[in-house]
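Next come two complexes built around chain A: one with chain B, the other with chain C.
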Partner chain A sequence: MPHGPKLLTALGLAPISIYYALLFVGSIGIFLAYSFYRFEDFDFVPAFQLGNYGDVLGSELYQTLILRTLLLALAVSVVVVTVSYTFVYLINFVFARHRALLYFLVLVSLFSGYLVRIYAWRTLLGAQGVVNEALLTIGLIDRPLRFLLNGWFAVGVALVNFMIPLAVLPLHAAMANVSPKTLEAARDLGAGPVTIFRQVLLPLTRGGIVVAFAFVFIASAADVVTPTLLGGVQAQMVGTAVQAQFGTTFDWPFGAALSFTLMAVVLAVVATFGWTMKAATR
Partner chain B sequence: MEPAGHESPRDTAAELRVDRLRFLQLAGAGAAIPTLAGFLAACGDSSSEGGGTAGGFDGSKILYLGLEGEDGKSEATAFRKRHDLRLQSTYVASANDIFAKLKAGQVYDLALLPNPYVQRMIEADLIQPLDLSQIPNQQDLYPNLRKPEWGSKGGDLYVIPIAWGDGPFVYNPKNVTTVPKSAGDILGPSWNKRYVLFDDPAVPFMLFGRLLGFDPPHLTFDQLDQVSAKASQLVKGAVAFANGYEDATDLIARGEADLSFSGAEFMLNLGKEKGLTLDYAFFEESHGGGFADGLAVPKSAKNLAGAHAYINEMISPKVNAAISTTLSTAVTNEKARPLLAPDLAKLYSYEAVESPDSDLKFEDWVAPSNPPEGIASQADWLEAWQKVKAG
Partner chain C sequence: MPRHLGAKLFVAALLVFLFAPVVIVVMFSFNSSAELHLAGLSTRWYQDVFADPEAMQALKHSAIAAAATAVGALALGMSAALALMRVPQRLRPIALGLSALPIAVPGLMIAFGLAVLYRQLNFEQSLGLTISGHVLIALPFVLLTMSSALDRFSFSMLEAGRDLGASAPRLYWSIVLPILRPAIEGAALLAMAVSLDEFLIAFFTAGADTTLPMLIWARVVRGVDPSLNALAALLLIATTALALLAARRTRPRW
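Take a look at the complex of A and B:
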């Protein structure tokens, strides 16, 4: 490659690289270092010791919180990816003429604030909310359904709602490359719907599925606000424990170790999902 | 404009002395004409407003760190305008965040501290002793707030209380016919899924500690286990963790709950805004549950003169009364009480801050950070609380 284009490429990549190196990689690096420090008398004592990680991994409490967080994130990811995949398929191959409008309707939810949407869910699912009022009015129930809000149900429903646009984007990018003629050719060759899905569509859209799963899984596992505002006293996730370590006890080294443990487990789950998908669609 | 006469004559004298000094300094620097104009303006200002302390901070910026509503944002506007002061506030959700930000080395001129946090801030070397010669209004504070033990160390005062109150629970009288007397009453089946909590162990652990006959916040590990068992029952029966007083009021207004286990009198005003009539009462274990919020100057402060003058203004009668009106808290300056609306003036028993024998104590309701052996620390409380929440 001549020097001119190389230089242009480097210049083009420089701003984003510097931005990420300083603000993302740098800050992550600092907290990684903190995770090996000791916490003594409100001070972070520089050290290289694995005591904080040992405390996280040896604690039944944090094991429970991490497991609970992973299960919720997994359930949300499976639902979101399934719903979004079906939706993107229908838009691309069934309602292709209305594609722009339908994508707009999905993405328009990103225009409103996260907190606004959380409070909207409170209004919908609360004891005096729209859902309960409607069910009471038509006589299906005689007292409000309390499980709708302040529990795992509300957290799950809200997270699915928030995450669908995040999953639709990479799935759309993957499915846009699948020509309807390819599917038609498979049908002409005698493949049924299940075979077409497993042997044609799934391998061609695998990348989008893995990215969508990763987006949703990581964002759900790391969420603090949704369980705090919609989860009531039951839906405690590991994010709130991390927050407490940084805010309430000031034990940043332990909070950092807890965060990196969660990060490692989440990355392992995402990597496992990627390998499984690759093996299943080979 | 603030009416003259609310400030002590001491204030005016102090301001005049310092303004003369400032005049000489600036005149010597060759800025005679504009400085003379400024000096005359300042003299006119002090005589008409009757307040303020040392100069040297005009045109500067005050960096405030603390809870929203306690920075005098609207209440001290006239003072800031007079001195061309800019207030830049960083609001936090809890006092723990204040500690974390100061510990991280961030620069602030003022920090708002609830009483249990002052000693730990001093211990962590995060705040500095106040120069009381720059806070003449301190002399007008109620006796129990003038130099409180919780705000002092080694003869130095580190914090000036700007508001105080007690610790009630708040309930919807429409749905609550039998008002609970003890925190233990809430654990009964009739209260299941009818109340909200705050995500903080301090109040439940304090109340259940006392209910069990212990001496919180100094709990042994065995006592902490027993308190945690009670707290587990409490959490299991709760509807949700409220994200602040407004959220707690909102949950009651939406019919999700009938009672907020931790509350504040100003929730009654928040309820009124939502068309809801609320009432409050005290658990017998709370002993009134006194709190006091005060302003301190962090070690990282750059604008010391401005910070001291601002503290002085925040406890001036008119501003102190205005803050009390905004927050529905009690005033700290004796001269501020006559300026309150009658309902608000009667809301608190001021004997609590006048009499040395008062029942209401501004207690340390947060577990010690570095306790003696055998006593649970704040970290232990937090871990116990996490276990309680995890079920």
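Take a look at the complex of A and C:
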């Protein structure tokens, strides 16, 4: 049956293709077009000019904002990929009997409330929050730690928290390439943990690492909700600035240019990471 | 020292960290005090939520969006998945990869992109526009679920049916659909979970048709509101339950 009438196949694929073309390609296309528009008297004037990009790249404020966003996303990605990799390794080769359950537990949290999880950190990290109260009770501190909420710490912790399942997914798929027998053989041949990681694990799971890094880096760099709810005045990211352009300032063309600048830089970082990994594991 | 003590501690710590926010929200939603310390057990915040017309309205909008998203994503996703069965095997991963793009592109791009598109088309903001966006981000999940079920599909059943003289519609109705039913149900539940949980697209397209995440957002931004935890817990329980049911339906081999 795989080669049935071509017409039927085309008919089946047509609705989804049209839908993607209109809503996905169409919306991102027009969003891109807006980034070249002019913003005059609170109206958007169709044009093709690079002024908005010039404003983004020429402003020290936005340069700093983009740089900070990238650094935070990078830190989050490194932590998330390292932690998730360790977890995936452990459930595959140390706790293999409970692999299904442990993997499932992590995946469920992928669907358990994006907004709610972020906002919960306010209860956890606030001045009268759960963490501070606990630390006060056991006497580790004598007054609440203020830096926990409304800053880079809270944004980083919340991002790491909901990005872990996103990294576990591709890493777990990649770890299926590694057979316990291969690891055993390497060990029998006298390879230490570092050699096994560099010579066996890394080359076999490279693809998964790159995908996990890409997922986490892109999603954290473009997040809007986390910095708005947990960042306070200090820890603001590009996403917050874009939202401000759409909400309060109403300069959509500038917001669009800011979004596409961020995307370009982010994709460049992801590509660089991919190449570096490829070169390192050749 | 017990075996793998370090490894066990690591896994335990990771799970505690992952579920801490979820547990905290549910715990405080049953807290009798409005303060941030646990006093006693109470359902007063849930009573508040169910007596709150704004919350009920948001719940209704979210339920409509979830149901409509499931229907829309299933209609588009199933027709595509069934057609993909006819596509040569080596081309299928490419088609699936392309269809997964809406989840690889950040929500920010999709939400603002749709906001711009609908403004350009002069559409008034409404729940319908939000649903159209939710269908877009639910489709990859529907397609992935359906196609993994189709991969396990045995075509000899169809051959047998055809040899016995069944027509094409009859083949679909009596063989393909019953076999795929668990996957279809799983895909529908996932689509509902995706829609219920989505915030950014709704925020920029729904206008006055406030959904549950939008209401939670508005109240978080406004300030402390003890019934917020109950509202959040309801959303949390709904999405988690849907995801769990979906997992049971599709029985992935993990």
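Observations on the structure shown:
Here is the rule we use: the second predicted complex is superposed on the first by the 262 of 282 C-alpha atoms of A that agree within 3 Å, B and C clash if a C-alpha of one lies under 4 Å from a C-alpha of the other, contacts with A are read in each partner's own complex, and residues count from 1 in each chain.
The definition used in the following text is that a residue touches a chain if its C-beta (ideal position, glycine included) is under 8 Å from a C-beta of that chain, and two chains touch if they have at least 3 such contacts.
Small disclaimer: the values here were computed from a predicted structure and weren't measured.
Because the two structures share chain A, they can be overlaid on it, and in that overlay chain B clashes with chain C.
In the superposition on chain A, the chain among chain B and chain C reaching more residues of chain A is C.
Judged by the touch definition given at the top, the superposed model places A:A219 against chain C, while chain B stays out of reach. Once the two complexes are laid over each other on the shared chain, residue contacts for A:D41 go to chain B alone; chain C is not touched.
In the superposed model, A:R122 makes contact with both chain B and chain C.
Of the two partner chains placed by superposition, A:R187 touches none, neither chain B nor chain C.
In the superposition on chain A, no contact is made by A:R206 with either chain B or chain C.
When the two structures are aligned on the shared chain, A:S27 is found in touch with chain C, with no touch to chain B.
Of the two partner chains placed by the overlay, chain B and chain C both lie in contact with A:L229. With both structures placed on the common chain, the touch criterion links A:F250 to chain B but leaves chain C unconnected. In the superposition on chain A, A:L65 makes contact with chain B only, while chain C stays out of contact range.
Overlap of the chain B and chain C interfaces on chain A: residues 122, 126, 128-129, 229, 246.
Across the complex, chain B is touched by residues 41-42, 61, 64-65, 68, 122, 126-129, 144, 146, 149-150, 228-229, 231-234, 236, 240-241, 244, 246-251 of chain A. Interface residues of chain C facing chain A in the complex, by the touch rule stated above, are 4, 7, 10-11, 14-15, 17-22, 24-25, 28, 35-37, 75-77, 79-80, 82-89, 95, 98-99, 101-102, 104-110, 112-117, 120, 132-133, 135-136, 139, 155, 158-159, 190, 193-194, 197-200, 204, 213, 216-217, 220-221, 228-229, 232-233, 235-236, 239-240, 242-244, 247, 254.
Interface of chain B with chain A (complex): residues 93-94, 96-97, 99-100, 103, 120, 123-124, 193, 197, 199-200, 235-236, 238-241, 243, 247, 254-256, 369-370, 378-379, 382-383, 386-387, 389-391.
Contact residues of chain A toward chain C in the complex are 1-4, 8-13, 15-16, 19-20, 23-24, 26-28, 30-31, 34, 83, 86-87, 90-91, 94-95, 99-100, 102-124, 126, 128-130, 133, 158, 161, 164-165, 172, 215, 218-219, 221-225, 229, 239, 242, 246, 252, 255-256, 259, 263.
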